[in-house]
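In order of appearance the chains are A, B, C and D, and numbering begins at 1 in each one.
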């Protein structure tokens, strides 16, 4: 178990800069999720932490040790790959024990460790099979077994669940969470799935274009996104962005969007400097409620999508489409005019020029 | 719709069988004729009216071949040369092919094309300079020298073919092995090469067959029976002043026997290897 | 890449044995960023040692007077003399034309037959495996055996092919296939194609396994017929593999005189004279190594041009 | 590029690029001197003949170990060229007379004049035997045995038709035409238009009156005579139809099997094929032998000698012992018994087994009037690569005798230029 600090790590391939000065601190036993769309550099960063690729600058420190010049095999880390990367020529037992074999752990000790890991993951009955004879979920478990048997300082997960079907994915997600709780080893976990990020991470780093957009606990990321990219990337359905001008009307601040006016009482942000300027309001779909409130929006019903527990209603307000998540019983008709109340305390305001949160 | 599909499938299947059977007959027919010829006495071969089946079945051609041509020595020489060729290709070619498959480095594409271009210079004129090189290395008239000469045109083939098989093995496996405690070279030998072993076998068989059958270099770079290979020995029987059709046929049959046995042994692995590799460019 | 590890930065060895243990050192070496070059070194050295000198020597010869049976003027630099002679040499032009015919027809037949066989085998019919082995067998025969075997079967007196053709009424009397300029080249091409089509079968079979079945399903739904599927899916997907096979075979056909040396020696009346044979004769029966060198250089350049143009036109390098 | 490209600089270049260690593959034993002997014997009878000579030699000279190495005849020149250029020469090489000038020019042969002059058996050999291995007064080899050109004819058919073996070209052509019967698939003459057939074309040209190499040493051909000769020779097929249509591709095997299977009534070859013919047809009953018929101008029958030559200065004394040994009557007769090749030694050729056998009479006669092949550097290449294709082009109707004659004459000019 160890802390991880990444200090000013850069990476470029020729003229292309894929990572620009990354700084991350992860506490001992923490669970860091690197989240971002494909091509954001998250997998490259993971490879640099693993030592599979050299960085172009900066330091990677695991525990007290600067590992810049330490080979992957000597970093005492374990990694689970998207494709599982099980050695197809070896049975499961040897796959799991391979890391110990390489470290010349005596056979008896190794077998015991493999057995423990297999029990933990409930794959004892698979130990003598070859990877080709396993299902996707079983392979996933073997891959994790291979990682935990080593008792490393740090686990690295590279999109480990993305090859599984939806049901298994949920199951394994829970499994990973349970493992982390039980083992307490620090984890760096790469994914493009925001639900995995939110459910698993103690710390989430949202990345884009080789830059960390925001690094914080999941709750903060969700509620106070640092910029419009983070705001839009997290949450499903995605956050609504309503552009308009901030005005002061009486004691309250209102957002004017064409004809529509949205009162913003209880705003946490200090917006004094932005009065009279255009801003973008980020409104999560679940902050809408049917009926009246302090701040309301009225529009025409454009689309109605029942999902079972919820009903997604897409409203057209002054030409802009907003998604509202309403209860399953709220089923307006197409073309109806509808007025919805907004939990204005949950609204985030962004500067339209920089995209940053005000 | 379903019926027409089945119908057209049946037609295609019948067509396929027809094509395959015709080709198989065409391929194997001459060999069968050679086999028949090898059991004939000379009077049944050189005759005005064709004799299809031997009137007198004889093994004389094989016996004469054995006694006259020094077949055992020649075959052992061929085996040694072929083994050495495959060994050299295996050692130098496998790692080169691995490098081409695994790393993206400056000069990779030109270097790969360079490996191909060396095959293009006509063998006819390479022989004398090669002769000089071999002599200066003390390798002239040795099986090793011949194997090294074969390497000059078989190694590029080996590298290009094998690269396809390496490409088919996921790169993550090496990453996993390196994190598990292997060095790069350890990952290569413990993980990647075992995975590509079918392809390796297939490629080796190609190279082995080419080395086994080669004639021109073998003729020019060996002079004594100490290193002369079987195809040269076989061609020697086609002397200018004799009519050894029966012996020639027997020699042909004997010369392909090891190849067919080898092929039969590795056929499954080889087909599996070739199909698994799916030779990506 | 500026931070690749140098040997100096290696962790200190744990014991004296570790310091000199070659396996450990090799392992450490494999973690440096020069590793791929080290992997390429043995083969590159070998190829350079074996091929570079002969090739340079060949190029040099082509600008040199080198007639072994006229030692007097040998060794003199003669510039482009041999190339100029070539321009005016009718046998060169004839050989060039024959080479074009020989290569083109051989390649086309080998490719088409090889493709058809591979497609048929790819249907995985019962018994296909045995048929596959039978079909591949010709490729494993040495040229020496294949050439002499066909020489026997095509013989104008004791050849079984003639007998069969006469018996089934296709021929009136035994034909001397290699004595008639109209059939000599065609027959030689037939033997060559027979010998080498399995090369294409083998490689195309491998390539076919790599084409996702979904593509054909989609084409079925779109209503594409068998030939449209071949043209629109199979051939484009096999582009790279076909390119490799064609280039390798063309090199073999242009450079190796083996089979023609056994079957026709260029006859009758030069109707099967090809460049490789001409170079061989110039070198080893006329002993004019300078001219043979120039012919070899021309063959080499033609092959390079062919490979370059083929790769360009087939766009394989765009994958 | 000013490097001199002779043999030595080639070696130096090679040696410069790589550490030189010029070792012969075969090292001498402690007591014995080891030499290797390159020859082109292939058939069983030839191999047996060589073995007989080797056995006798081993008994007589236990101090010399001879390693024979057989080289395929078609590739012989390529191999010896590579060996000479590469500096890895055999000690003794069997050199047929047509190859002498080329090998001499490339520096493959050692001067043996003094050794021959001092040889006690020199007197057994007619001076003529050395003519085609001697240049500018220096001799480079000793004849081992002789290829004597002659013909085979179907005695039974000739008798049936009331014909005698031909002695002139006219008789020869008449017989060929008369014995041709297309309905029986029978042809008068098995013309060798394929590999190896070139020498007979040269013979016919000379027999019509245009020697390739004149007595004063000049080389050249008379075009009119060449045209006439080609017209006559190829005319046997294209006009007289007395030759199988396969002629243009008929090499040794085809010509012999044509005669053996009763397709042809006459063929030309040399004494070396006698055993092959006799194994299928009854000597003196079904077939007979005849000396090469006389042409309009002269009678041309070749005596080609297989010479044994020293080709390496190392162990030359041991090599000389081996070469001399072929002149011993015991060895020559042992070789003759196995192969049918005529001895080169006049003494050995008087042997009763030759003189007393009527089938060998034609050969014995030819030894008297036969002449060696024209020999000059490039002769073999010219015959093979120019004369033969030219003949083939007439045979297949792609050229007239005039055009072919032009090719032959131009090719000759280029070969000696």
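What to note about this one:
Throughout what follows, contacts are C-beta pairs under 8 Å (C-beta built on N, C-alpha and C of every residue); 3 or more make two chains touch, one makes a residue touch a chain.
For clarity, every value in this text was computed on a predicted model and none was experimentally measured.
If you tally contacting C-beta pairs for each pair of chains, B-C comes out on top. In terms of the distance between Cα centroids, subunit D is separated most widely from A. Subunit C and subunit D have CA centres that are 37 Å apart. Distance between subunit B and subunit C, defined via averaged C-alpha coordinates, is recorded as 14 Å. Between subunit A and subunit C, the centres computed from C-alpha atoms are 54 Å apart. Residue positions of subunit C touching 2 or more other chains, listed in rising order: 31, 49, 53, 57, 61, 157-158, 280, 283.
In subunit D, 13-14, 17-18, 74-75, 78, 81, 85, 185, 257, 261, 263 are the positions where the chain touches two or more neighbouring chains simultaneously. Those residues of subunit A in touch with two or more other chains are numbered 71. The part of subunit B that touches subunit D in the complex is made up of residues 42-43, 46-48, 64, 68, 127-129, 131-138, 140-142, 219-220, 223-226, 232, 235-244.
Of all residues in subunit B, those touching subunit C in their complex are 5, 8, 12-13, 15-17, 19-21, 23-24, 26-28, 30-31, 33-34, 37, 45-48, 50, 52, 88, 91-93, 95-96, 98-100, 102-103, 105, 111, 115-126, 128-130, 132-133, 148-149, 151-152, 155-157, 159-160, 183-186, 188, 209, 212-216, 231, 234-235, 238, 245, 248-249, 251-252, 255-256, 259-260, 263-264, 267, 271, 274-281. Within the complex formed with subunit C, the residues of subunit D that make contact are 1-6, 9, 13-14, 17-18, 74-75, 77-78, 81, 84-85, 101-102, 105-107, 185, 193-195, 244-250, 254, 257-258, 261, 263, 377-378, 380-382, 384-385, 388-390, 392-396, 398-399, 415. By the touch criterion stated above, subunit A contacts subunit B in their complex at residues 47, 50-52, 71-73, 75, 77-79, 81-83, 85, 87-89, 98-99, 101-103, 146, 150, 156.
Within the complex, the subunit B residues that touch subunit A are 170, 172-173, 175-183, 186, 191, 194-195.
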